[in-house]
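Multiple structures are listed underneath, in structure tokens.
Two complexes come next, and they have one chain in common, chain A, joined by chain B in the first and chain C in the second.
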Partner chain A sequence: MRRLGLGLTYLALVGLFLGFTALPNPALAAEKTVTLGFTASQTGKLNVEAIRQINGLNLWIEQVNKAGGIKLPDGTVLKMAAKFYDDESNKDRVQELYTRLINTDKADFLISPYSSGLADAAAVVAQQNKRIMITAGASSDSTHFKGFSLVYMTYTPASLYLAGAVDLLAKLAPEAKKIAIIHEKDKFSTDSVNGLRKYAEGKGYQVVMFEGYDSGTTDFAPFINKIPAGVDAVMGGGHFADTTTLTRQLYEKKVQTKMIALLVAPPEPKFAELGEACISVVGSSQWEPVAKYSPEAAKAEGVEWFGPTVADFVKEYQAKYGKEEPSYHSAGGYAAGLILQKAIEKAGSIDTEKVKAALDDEDMYTFYGRIKFDTTPKAHGLQLGHQMIIIQWQKDKQGKPEKVAVYPPAAATGQAMVCPVR
Partner chain B sequence: MNLWRQPGFWPSFLLVFLSGLVVLVLRQDTLRETAFTVLMFIGLASSLNILMGYTGYVNFGHIVFFGLGGYFGFFLVSEMGWPVYLAALGGGVLSSILAYIIGAAVLRLRGAYFALATIGVNEAARAFVSNFEPFGGSTGLYVNFSAYDRYGGAGQALWFTFILLWLVVLAVIVVSYLVKRSRFGLGLSAIREDEDTAMVMGVNAPLDKTKAFLISAFFPGLIGTLYFFKNGNVEPDDAFRFQMSLEILVMVMLGGKGLLLGPIVGAFAYERLRGYLLTSVIFKNLHLATSGLVLLLIVLFVPGGGVGWLRERFPKLRRWLE
Partner chain C sequence: MIHVLPSIIDGLLIGFVYGVAAMGLTLIWGVMRVINLGHGATMALGMFCTYFLFSDLALNPYLGMVAVVVLSLLFGFLIYGVALQRVIQSGYLSTLLATFAVNMIIIGIGTAVFTTSPRNIDFSAGSITLGPVILQGTRLLAALAAVVITGALYLFLYFTRPGKAIRAVSDNRAAAELMGIPSSHVLALAFGLGTMLAAVAGGLTSTFFPFTILSGATYQLKSFVICVLGGLGNPLGALVGGLFLGALEGIVPTFMPVSWVPVVEFVLFVLVLVVKPTGLLGAK
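And then the complex of A and B:
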């Protein structure tokens, strides 16, 4: 009898224990670490931009984890972790390292390396291994014409870099008709101006000059002398050094036009060192800290808002990385994280197919602007929502150059001006 | 000459053959990617050795053949729809034709003048391709992901490309050895020691140098096509990277120039060292400095390269370490 009693007590205890463990207990919810794999150019020619991009991404990871991670409907809590290698800005390293990230480090999602060439090489590996890759710091349209279905773009495509400048020209000088294009002959600049030409001609403009110069050109006189009289806008450029020199020589040669819109260099703070020559020059940037995207503006357009506001992002970034103002590279890195976070939350899973479906459906506003992807097989993953911010150098009250966001209206902080008479 | 009875041939051949075989048996993607990079550099260094090691002509422009041949081969794949193995052959043939044309001009120069001219050729080739519209100009060329379907999907295509590369590198080794042990190879060695004397002794130096240049240029064209096909795209900056030319030179020097095994050991050691430093927790931020220091020490204290040092230290091994 005593034995029976003991046996029953034992059974009751076991039953109680099992009963307790079977009950849902929030404190014991499963935690899973999601690994984001990427390579970054910590050395090599692209290291400054790439490091800013990682800073942005790391800030996002830190904030997500600090907020308790991403909670899935089944109670699982996802914590983010990054795994990365240095690719030296070299393509021959990228495929090797991405294969390693997927197979050895078991990365769940991938972020692209900085620059289109490197991102292209990584995309082949991502697609082959069925991993979703968010490209940050890569703007070439052609990446998305290659038949990839798991690669999603954060940046506005290169072909639309100066499209906003054409729209602005239409607003600023409705009578304008003729555009001259002078551009650097490299992949990014050529992609950009080919897109610009198509866009401008589509809007009824006449491209009266279309000339390319070699990378490293320092004397633009032959090109400037060739600009036909009565041109309404001079557009093009390439990277920082050549575009800056081109701007200065356009000023010195007193080229008369209504607008000068150039690639890459104008948004950089150092561009102000040109002094008078930079006044009224227009440039495009993926993002600027002065951007005015807000939950209210998003609501007015009927699009959902996600993530921090522009002011919060800038504040948090500066709190973590000192006084350095976040550049569009930093914002792009953070935005890549947001894109993934939103998709994982919507999918309620980290399964590739489910997250892919959520990404295909994604349409939201963030501090970085709107995010929406092309879902047609021809250009899958191409960024459709995000718009470049058009900035213009104007004079502040002391007469010093000041950068003003002038287009699109959702991001503008001031009015655009026509080029003054030189 | 019966190749299979030559003791100097086997270590090099077996090293590459067995490494490739191990990768194929294990079938790990990460291992394949690492092996691809190593094999690519073995192929490039060994083919450079045919000119630089055997004739003593230091060629800084070897990457031109990798770039131009690779571009042409990739063009045949992406624009003409050729299968990759035929396109690679096309790339190799074009490289050899170009070597014949370039060689006619630059092989008249000797020593530092030849080396300087080859640097110029690299820059000229990059400028040409950046402006050549059929090759996509400055934006380059790419293949659609569906191009891999004809090889059974992207995964299979990468394995197929790896096997092709493996075969190409084995071919480089066989050809290198045959050249070295032939009468033609002896002529090249004579040119390396003293070109004028060699000509007096009856070596047709201009013809032999051109032939060595042609053979040396054929393989980078093949390898370039396979590499760009694996990458899925090609751009002027990737195809004509001067730094890569220098790296290949360093690999040849590291292992020992003029030796069959030298470039193989050099390429393997250089690549693995770099690969290790890149992914190591301690060195990943210092890898370029560390690898530079290691190279400096080796070049300063072991000028004959690793294999050259072994040959000197252990004379009995010489017949195996050619």
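And then the complex of A and C:
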């Protein structure tokens, strides 16, 4: 009897032990560190934008780890660790450092440096070494026409920068027909306006003027004088300095049109210094803190919501980095992390092939907007879901310039207006 | 073709300002036989001076021009005393290198202090509509200021003692000295006036175009072309050359891509040097 009793006790203990181990126990779950490799232009001409991007990414890493990491179905908990170097805003350094991140630091996933040029250089290395790379701050379409299968884009492509402005024009002035395009002749602006021209003509608009100006041009009068009478919209521009001058001269030359939509400069707060000349000017931005993306709006479109709300992101960002409002660079960095997080959670693994399949399937709304990738071999990884936010400068109650998000409806905070009579 | 007339008028208005800048260069050459490579950098300083007076002291840019005149005149005396006075007798190469050094110093300090981010004077003087032509207020005011400055310079050179002394030194320095004219003071005054004209031209330009500390280089090149067009050492020729170049810059982009403007300008530069080296109005 005593032997039987001892045997039963033994069996009960074994049973209890087995029972405990079979139950998921957070305290005993395996923890694995996932290395995210990237370079940051901490020095050189891109340092301001690049540091903002890295701030966004670091905030995401901190929040994921604080929340206990990414939990996989097999109980493994993934903690994120960043490994990065300063690329000095130099393309050659980028290729050298990404090779090092993969071979020496054993990075599991890669995030691109800021800017199309540097991201393009890093993408080659990522693809050659079979690592997934999320391009956080690059908008050039051409990177995704090179046959890469492991590179995924966060930003709206350059060719679609002003596509939203064309859609807005159709809503605002359905009778509009003629568009004049004046643009800077650098790669980014040329890519953008070529895309704009194709898009506008595809929508039935007539591009009545298509003129390029050299970088550094200060006198736009000869171009403005050439704008045909009766033009419904003037679009184009380039970078901050030339676009602000063009805006001012369009105003002083009393150009009559229904819409002025320009690249890069309008979303910048300094654009407001143009005073009356900036009123009604439309610009496109990858993201704005005033954007109204929300789980409700996502639900209305039948798309899943993932990650924090816009307000939470802005609040957390400012709590970590002081009072500076997050720019679209910061939002892009954070969004790149979210894209990866969602794919790892869906794949239930960090295996490249499984995560790639999850990324190909990804379709979600985040605080940054919609995310969905092109999965055709011709343009694999190109961002299809995300839309530029179209902002417009209007007057606030005191008559001062105020930036209002006017398109797409999911992000809009106000109604768009046609250009006033000048 | 309807856009050609407004473009010519826009170009001519800027041409007045180009003319003032070139007058500064040609005055220094005519009186001192110095090729001033610090001319562009001085123009950039004029731009910054106007900018800070406007943005920090809220001074109207055209009123601010009075301060630019005084400060740049003093700055010209300083450069002459420090960099040129000792080498003025040593030939063209020494003075050329001395002014080049001044240029590098201004640009170096300017880059460190102001960076190369573009600045803009957010001042609008509205516009005036005359039939098919819409004139920007800032360009019109700049052209008017340029005319006033040219008139004042003319009066100064022809109807005042120091002005006559400058012309005397320009014509024959040795003879002027024999007549008791202190040539060293006159040379300093001429350099000061040349520097002042450059700074004022820069200040006027900054009211309608954005600028950086490096912007002067473009205008300096234009000034050389204008001086050769109008005739080296001839202030009136500089003004006419400026108007000619401005009009050209207005017309060319209406027929061909804007990148052809410098090609046309420099082809003209070479043609004038080959066909009429004394310039359209003759060198002095």
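The rule is short, and it goes like this: the second predicted complex is superposed on the first by the 397 of 422 C-alpha atoms of A that agree within 3 Å, B and C clash if a C-alpha of one lies under 4 Å from a C-alpha of the other, contacts with A are read in each partner's own complex, and residues count from 1 in each chain.
What we mean here is this: a contact is a pair of C-beta atoms (placed from the backbone, for glycine too) under 8 Å apart; a residue touches a chain by one contact, two chains touch by 3 or more.
Not measured: the values here are computed from a predicted model.
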Superposed partners chain B and chain C on chain A - clash or fit: fit
Partner chain(s) touched by A:127 [first = chain B, second = chain C, both, neither]: first
Partner chain(s) touched by A:273 [first = chain B, second = chain C, both, neither]: second
Superposition-derived angle with apex at the Cα centre of chain A and sides reaching chain B and chain C, degrees in steps of 10: 60
Partner chain(s) touched by A:240 [first = chain B, second = chain C, both, neither]: second
Touched partner set for A:213, first chain B, second chain C, both or neither: second
Partner with the higher number of touched chain A residues, chain C or chain B: B
Partner chain(s) touched by A:222 [first = chain B, second = chain C, both, neither]: second
Touching partner for A:62 - first (chain B), second (chain C), both, neither: neither
Touching partner for A:248 - first (chain B), second (chain C), both, neither: second
Partner chain in contact with A:93 - chain B first, chain C second, else both or neither: first
Where chain B and chain C come nearest after superposition, their Cα distance in Å: 9
Overlap of the chain B and chain C footprints on chain A, listed as residue numbers: 185, 212, 214
For the chain C and chain A complex, residues of the former touching the latter: 3, 6-7, 10-11, 14, 118, 120, 122, 124, 126-127, 129, 134, 136-138, 209-211, 249-250, 252-254, 257-259
Touching residues (chain side chain A, partner chain C) in the complex: 185, 212-214, 217-219, 221-223, 225-226, 240-241, 244-245, 248-249, 251-254, 273-277
Of all residues in chain B, those that touch chain A in their complex: 28-30, 32-34, 36-37, 40, 127, 130-131, 137-140, 142-146, 148, 153-155, 158, 227, 230-233, 235, 237-238, 241, 244, 275, 278-279, 284-285, 287-288
In the complex, chain A residues that touch chain B: 42-43, 85-86, 88, 90-93, 95-97, 99-100, 102-104, 117, 120-121, 123-124, 127-129, 142, 145-148, 185-187, 189-191, 212, 214
